[in-house]
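Only one structure is covered here, and it is reproduced in the block below.
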């Protein structure tokens, strides 16, 4: 029951979703749409579950006064405050002027943006410390990287503007993107598509069962 | 150039948090840790409340409530389980139950019940992804690759040949069932060359993407916060 | 110790500082380097220009605050081009961190440049739904089923703009402004492939290379890649937005990273463990 029913559900629903791609009749489309709606609702519950899990893990750490528990208290309090305020404010909680909107615009949005902005510094540092060109293949990679990096921005044309248009860095960069890069990316796309199809079929047929993790 | 700092307290709070996170570049410190944990807490809370008000209420709660009151989207039809496209009424009890079963994951002994809703999600997405990748990434890409090698124009002809050679050799590189020796080895190495050019180009674009994010934060600090004009 | 050996022991924080300075300087004192639109940006611009005036268009803004500098300029410029053609715009946001941001971006464009445009008539923000590909396919069978309410809590079936926007067949074009998953790739696989809806895309630079095959195969009729693509689009529209203003900083930063790669290969190799 604990493994067989989920495997059966996956198989039946998976086959049905594949069938719905080919059969427009409402005998298939109505249940198919219902399954998609079910997935949307269950995924939504998954997000709520994820939040609840964050709360559980951090409350546990606070109770045991693990190192850094003060920061975890900040986490828990901010989580509870955000949920409480959003719950009180109702479905219009992100309307301009609301406290939830203030939390989104003043806390969530700038911090989210800044976390990703740190990557710019690390990519420069990694370029200096880790980008080693040791083989012929790595030379190809480095050459393409340098041409695309400089050619994609205005300074590329500023540096090579005196050359014929076909030799401008931007033109060479465009050619690299449209021809050799395109060919390689297409090969990767097609290979990955075959891999995804194979994995999808393995999951539907019950050969791949890693999502049923845990003991029976 | 003159300085016109923002009079809005929210902008100052946002700027303070931005600088707290940037302080990590010098070294890990309490300001960064505070901002990091605040961000995680606010994000988790926001995701919970967003999913509640944008999905659980309008897509589940309200239609279920309406069906218990004998109403549905299609007013002309009666019956709590009289489903049609877009109007599922009492059948929504199924996703409601599955959603609740997902929460059993938090309780060790009955955690196995969470496999049922997971199986539904996996089944739906396995089916959607299989057909999506097959049509969008395989069939359409093969179709797009079947281009004439001779176009009449020398430049586009050369490009078409290089493209086709690159595509075939890159695909052959991924054929791991045979050892890359002899002629096959040569073809494989050409494929690697194309793949390396592809990865290098991707690296160049990645640098652009990361730098853009930094530019955005500096534009906020200089423009919105300090009002430098 | 030679200069190269000294460089090998360089504290990475000096690299961080240089990067920060090189990005800051052009933002304060612009170099005004010329931006030249590429073929890719031109096709994006042309695809939107070819939409019949007054048509209703679907725009999916699948991003969050982490991608503001690349995505927001594209969104603003596209909205301006669409509204100049009196097109109506149905907006969806499939990233949870995005709906508030996207709503504000579009509202700001409306208030600043098109004060006559009304919510619910000229544009609607359907908001966020989880489920990635499942939502996209669900919309194909009925947008109102997927989005019974819009982002502002209105019943979508009561909005004037939604009277003639019920399925994908009602749109001449899908504009996907996307920062990752779910986004352009999923729209191509699930919507363009299944429902044959013409599509253009504006994507982050990190994901742009993987969409060139879709342009070549005709699955995408136009593509903007990253801040450079956004800047080129602004140039084509004779606008000067955040993307255009950021390209000088982008240029210097790229030269710096290129220099880091070259110097990093010239410095003596460090022994393992040192």
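Lettered A, B and C in written order, each chain numbered from 1.
As a convention for this text, a residue touches a chain if its C-beta (ideal position, glycine included) is under 8 Å from a C-beta of that chain, and two chains touch if they have at least 3 such contacts.
Worth saying up front: this structure is predicted, and the values here are computed from it rather than measured.
If you take the chains that touch chain A and keep only those that also touch chain C, what is left?
Correct list: B.
Highest contact-pair count belongs to which two chains?
A-B
Among all chains, whose Cα centre is located farthest from the one for chain B?
Between chain B and the rest, the longest centre separation is with C.
How many angstrom lie between the CA centroids of chain A and chain C, rounded to a whole number?
Inter-chain centre distance comes to 15 Å.
Taking the mean of the C-alpha atoms as each chain's centre, how many Å separate chain A from chain B?
Between these chains, centre-to-centre, one finds 4 Å.
So what's the Cα centroid distance for chain B and chain C, whole Å?
About 13 Å separates the centre of chain B from that of chain C.
Send over the residues of chain C in touch with two or more other chains.
In chain C, residues 16, 19-20, 23, 66-68, 96-97, 99, 129-130, 132, 134, 137, 141-142, 145, 149, 151, 194, 209-210, 213, 216, 228, 250, 253-254, 257 touch at least two other chains, as defined above.
For chain A, jot down the residues that touch at least 2 other chains.
In chain A, residues 21, 29, 33, 36-37, 39-40, 43-44, 46-47, 90-91, 104-105, 108-110, 112-113, 115-116, 120-121, 123, 127, 142, 145-146, 149, 152-153, 177-178, 181-182, 185-186, 188-189 touch at least two other chains, as defined above.
Where in chain B do residues touch two or more of the other chains?
25, 43, 46-47, 50-51, 54-55, 58-59, 85-86, 124-125, 128-129, 131, 133, 135-137, 141, 144-145, 198, 201-202, 205-208, 210-211, 213-214, 216, in rising order.
Of all residues in chain C, which touch chain B in the complex?
On the chain C side, the touching residues are 13, 16, 19-20, 23-24, 27-28, 66-70, 96-97, 99, 127-130, 132-134, 137, 141-142, 144-145, 148-149, 151, 185-186, 188-190, 192-194, 204-206, 208-210, 213, 216-219, 225-228, 242, 245-246, 249-250, 253-254, 257.
Give every residue of chain A touching chain C within the complex, in rising order.
Residues of chain A touching chain C: 21, 29, 32-33, 36-37, 39-40, 43-44, 46-47, 90-92, 94-96, 101, 104-105, 108-110, 112-113, 115-116, 120-121, 123-125, 127-133, 142, 145-146, 149-150, 152-155, 157-158, 170, 174, 177-178, 181-182, 185-186, 188-189.
What residues on chain B touch chain C, complex-wise?
Chain B reaches chain C through residues 1, 25-26, 43, 46-47, 50-51, 54-55, 58-59, 62-63, 85-86, 124-125, 128-129, 131-133, 135-137, 140-141, 143-145, 198, 201-202, 205-216, 218-219, 222, 228.
Help me check something: in the complex, which residues belonging to chain A touch chain B?
Within the complex, chain A contacts chain B at residues 2-3, 5-7, 9-18, 20-21, 26, 29-30, 33-56, 68, 71-72, 74-83, 86-87, 90-91, 93, 100, 102-123, 127, 137-138, 140-149, 152-153, 175-194, 196-197, 200-201, 203-204, 211-212, 214, 216.
Residue numbers of chain C touching chain A in their complex, please.
Contacts found on chain C: 10, 12, 15-16, 18-20, 23, 33-36, 38-39, 64-68, 96-97, 99-101, 103-104, 129-132, 134-135, 137-138, 141-142, 145-146, 149, 151-153, 194, 209-210, 212-213, 216, 228, 247-248, 250-258, 260-261, 263-265.
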